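Residue numbering begins at 1 within each chain, and the chains themselves are lettered A, B, C, D, E and F in the order written.
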């Protein structure tokens, strides 16, 4: 007799899947996977990191005099791989949003072309982030160390790529790209967040930055900082309204110390400082300083909600 | 002359190991590894994830019409691999707990059979968690995105499997299964925690849920929430007593916002809400709201201990 | 026509790199990578973990009677691989610090020899950490479980190795070693931190321990604890002064509960306890207890800065 | 200065490729690979071997009671992978043979369906080959040994699959399949050869069997036997005529010893024997015996040509 | 509708397997693979080659001063892996030969111990083969080149190991070991062949050496030489008698040129030479020279049979 | 007690190695491998094959419009990897030939530069070989099939590269390159052989072409053809003289059928034909035809020797 009787378990799992698919109004038509793949995106992101920083994140045996060959080859291969994932995302959207399926191929090509054209600007922004990390951390010894070792820099490389997907209306690819960094760094930046140049996250574990956050230039934040939403607006039927601005605006040159929680569409004015562990649901004027003591009286209202 | 003189280091490490083994009363008998392997469990968990969600977490080229072949083959292979790990765990326990070694094979088979039979229910529960994530996060676009991208869902897949090992008295396999998710997500759920259907952890980094926690249905928690123990009870000899209920009970429909810390065997009543960063060591009535302001006066006693 | 026009993107990325290199005063000379490699360090660390704990972290098929062969072979291979990375680090330093390039080979060999000699002491210290974890966590079932499953133990294995690199003046190798653990565990210990025997970090996600921290023996800390700097001292020109003591001193037998933040060169006296979420910028006397309530009035001054 | 000046070599290789493509009237249009892939066929053949002989050529941990799950899953995956290769072959043919490109998808699916249906008969024939090897070699100890160790059996598994591709008019897939075995075994069977049941090749290195050979049942041949063509027929313009019968017919129960060379459309009658090293360009009557001595006078004419 | 209907093919293959198993009187009991594995033997042989020639066939980064660590570790690992394969072979034999199943474990250990003890002698013999190749080929530039590049040397490493399995009555392991070399080199030496020191095969493709061949010292042979059997002796019932001496005896210092075929239990006397392509079924006296011309009249009898 | 007592075997193997090293006058100085590596050459050859034929032997996802990026990157990487192997070969030669060790680096760079410059001509020659195969085999359907599937073409790619190493005086790299093809194809071409354009080997198994062979243009040969040496010339001391011309000269447009053996410095005149299995030790006039019958009387002298 077999040690395990597999058949009833297979049947029972099958029944549950059919139930689920019915409840989700999924077709039971035969067919393969119709969804972008995190594994494919991992490879694409690795290639793009090499394209952006060939001598630090490219292959170990690369030499400066032949960088462009490497970049050209890798970029071509990565863009074609990306094209396939974009196609999958657009097809997926089409099923859910009633688009005309026939336009998908053309839109996918246009999308990847636009994405490719954005890469130089992404590199330029990332250079400012690397410098910000180097200047912002007394322990940093060189820009190379920062690029290779700092989780905050890795998170920003992924974010700036993910944000590009986001603004090109490919939210799944965006999400996969940022979750890859989240898993490695503990830094959770929603791809929708708008972040200016020279951004630096130190240590980073536990940082959460919400979808509609707007962050200026030369901002510095520490581990466990949350830029969250205070409350989810609902429409007349009690359903969550999506896409409304609900996260903080952080102006240029702000510093936010570890563990601070800032919730809602508040504005942290240019050059202000938010102390560690501060709980904040109000605006801070430019140049202001908020400490934990200041923030004790602020939350007597409803429990803060946070996305 | 050799660049490095390896021999004295090898000897010196050997001496330290012998010392350690003596101090731990380990046998010096020759023999191989007698402990379950995290690598083996990684492969088994990956297979089980494919078995539970074939079209999303199974192989990329899988097609709906032949899922059952894939599931049957993968399940059979995973169960036999698991059988070997269960055997190792039971043998390990036998050394420490004085069991009869001869029964181990029979017990291992029974254990894996029971584990296999629990898989359909695990899938069913996970479906509720996926829906809870989809409905609980305004940014979620589809159940597929939730399943593939949300760290909280990954943590729950591992937890529901780990918990099954735990209640079948295989704590090492349980622990390995949950640590694999902890390392990827920053979410640390003890395998002993009892968690009802439709549970959703958003963002997740820094969440800690202790061994004797009991969580109802439709509960939602955010990053950096701790459900911990207030104090370790000791017996007459000052030794820690194990297994006593020491973590919170969270009833149905509770929401706990980011950074809240709830310690000890308190009860959060049905439908109550705990605000962000709240520090809580008392019960909350059903439907109650606790904010940080409310919680300021509560901890004047001993420093709270937490497991 | 090609789908993607790669050439302009390659050129444009090239221009940005040249700009960056000029701004960083990098040579444009052809040449290969001149920087230690995180991938190489990953392999070296894995080998060293096997050397230190052969029957738990070595190969699955290892047997006790032939451990020494495995250790000798693996150590030899790891030390030669490390020698190459040390060479790269010293060359990199030489470019930045004006050392005599000719001495590098000799210094590299001496450095690796010294590192190798330190391994037995590292193992000895790690044994105390393992025991501390076993005794400190009521849920721990055996020292083996602790060694294989506890993220805090993994972080300490990496830290004790990284610290050895640090005190031998190889900060990049040190940083890479500790970041590998940070990424897996969410525990961020600067390689410069001095940590005594029997140190235990429970859960661990979000822990940050700064460069000049000094920690005694038998200290226990929980998740999300920060030992940070209060303020970065600047010199007359407003530039950050590096290397000044700026993180806490934690004496023997101290316990720090989850989420506590201790900033600046304060001293936590022998045997004292710091409660959860406490925010602390002052000394604590030996045997003292600090709770969150005690710490409310302390931060009225400037927002606390933290490195 | 760079060690190697890559650019002129790249240019020069580019010029040669353009020249070649012009001379071959290849388009210079951009585009990807449009040809079946030997690597893909290697994986497909490996899967098919597992499907045909699951307990011997399938995965090591397979168990008899769950073979069908493995087979179903592997077959499905292999057939879809094959479908892609068939598509590539048909597209390639279409470019060369002026077919209607639109029919390709339908033809590809039909072709793979037909191929799949032929698998049971292929297995049945291979069972006779395995038995023939077992009975024909006094050194063979079991049918299992024969299946796992005999190069002649491996060659026949590939041949019977390759022949199926051949008769379904997919000569490139056929060729790739048989070359994979040729490379491993030194046995070169053209996929066009028609071979009856219970065929056994012993040792095998150097065996060559030409495209239009017809081999009956229970035939046995040894290493370095050639069944070749005597002369390539040419048409009126001196061009080689393709596809004409030009290799030997070997009737049932014939034995051909090592090194024998049989050329042209001759017939070896039922049950005859051809001795080692014999050079043969004439018919052999049923039951006849030919030795090297007999064959000395036969080749005074033109030098034998052989395909 | 699914593209492929897998189910009927799975069923039909299942029916054929059941038929085959009935015809082979195989049990239909559930169970796993019970046969040694070529993949496992490949790994074991690779390890043994490293153990025998560490600085040439061991890992690239090995250094002379730490060879013994590598050898000890690799040997231990290889012997334990071999032990498992020996167990499988003995169990397989037990099913077929009616041995007492209980003794298998003890016999397996003894067998591997004996095999291990034979390794030094195997290395010693192989050193003579390497020197013979170096001295016998005017193109050989060093013993290192011979060891790394000569297929004849690779074949002999496998043969001397396979022969050890053979004389310890493990014919399947022996066969697998020699087929691995056959596939790479085109040299087919039956593991049973007895071959003296300083044996050299040049070029090698197509060489076949039969089971009961006995070869003296300092023998040299070239590509496509066959040492075969003339006729298979049958017993009274017409069944092949196994194990009878039926292949040539080749005395010391004999040279056999390419393509020569020597069949039956003939003796090539000490120091004789056999010319290229010679066909030989008679003894050659010591010091004799045989050319193709001499051999023309010899085969007028029955077609030579050859195993 | 341990199952295997490894120590005496390790010691005994150590003693044999020391013996061997003494007998070979090897230093016992510690040190690493000082010999080129077949594994490294395998990778280099694979890269070079992709560089030479990017759309057929390069990566599957390569596209025509970006070939040059791929080629530039791969060539750069391959040449640097080759540089390291050339260094090892030159160092090895220096030990044996008393060269000045200091010149090695410069010579290695020059050698690889020269090798790189030869690649375009190698590609040009290989194009003629591919066309020769396509036109010479009635079964060939396209030049693509020939390039991907024909063992004779693979052997020639390796040979033309290996020959370049040979004429640049790097015999070990040459040998390794050609043995890689020998192992896969059964075709053994010595790297020293000079072979003209449009060379075609059909089937190929068992072909041997000796070091000093000179082959003209448009030559075609079949499986098991040997171009060997008749006798090794010895100097006054009876030692083999190396490097003397001792293999056949084959003029343009010659065809040699399967199994023919041509030995010694004979000349096959332009356009002649050599029949299958012919044994030949004399010149053939231009346009001549030799059949097996013609060759029977030729070998009455000494047994032919063959290298």
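In this section, a residue touches a chain if its C-beta (ideal position, glycine included) is under 8 Å from a C-beta of that chain, and two chains touch if they have at least 3 such contacts.
Keep in mind that this is a model prediction, so the values were computed, not measured.
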item: Of A-C and C-F, whichever chain pair has more C-beta contact pairs; value: A-C
item: Pair from A-B, A-D or B-D with over half of its contact pairs in common with C-E; value: B-D
item: Remotest chain, chain A as reference, centres from CA atoms; value: E
item: Approximate Å spacing (C-alpha centroids) for the pair chain B, chain E; value: 52
item: Between chain E and chain D, distance of the C-alpha-averaged centres to the nearest whole Å; value: 26
item: Centroid spacing, where centroids are CA-atom means, of chain B and chain F in whole angstrom; value: 59
item: Sequence positions of chain D contacting 2 or more other chains; value: 2-3, 6, 10, 30, 32, 61-63, 65-66, 68-69, 71-72, 76, 80, 186, 205-206, 224, 259, 277, 296
item: Residues on chain D engaged by chain F in the complex (per definition of touch); value: 3-4, 6-7, 9-10, 12-14, 16-17, 20, 24, 28-33, 35, 37-40, 92, 96, 171-172, 175-176, 179, 182-183, 186, 188, 190, 192, 205-206, 208, 211, 224, 226, 228, 232, 240-242, 259, 261, 263, 277, 279, 296-297, 299-307
item: Chain F - residues contacting chain C, complex; value: 2, 6, 10, 32, 63, 65-66, 69, 80
item: For the chain E and chain F complex, residues of the former touching the latter; value: 51-52, 54-56, 60-65, 67-68, 71-72, 75-76, 79-80, 83, 109, 112-113, 116-117, 119-120, 123-124, 127, 137-139, 141-145, 148-151, 184-186, 202-203, 205-206, 222-224, 257-259, 273-278, 289-293, 296
item: Chain C-facing residues of chain E, complex; value: 59, 61-63, 65-66, 68-74, 76-77, 80-81
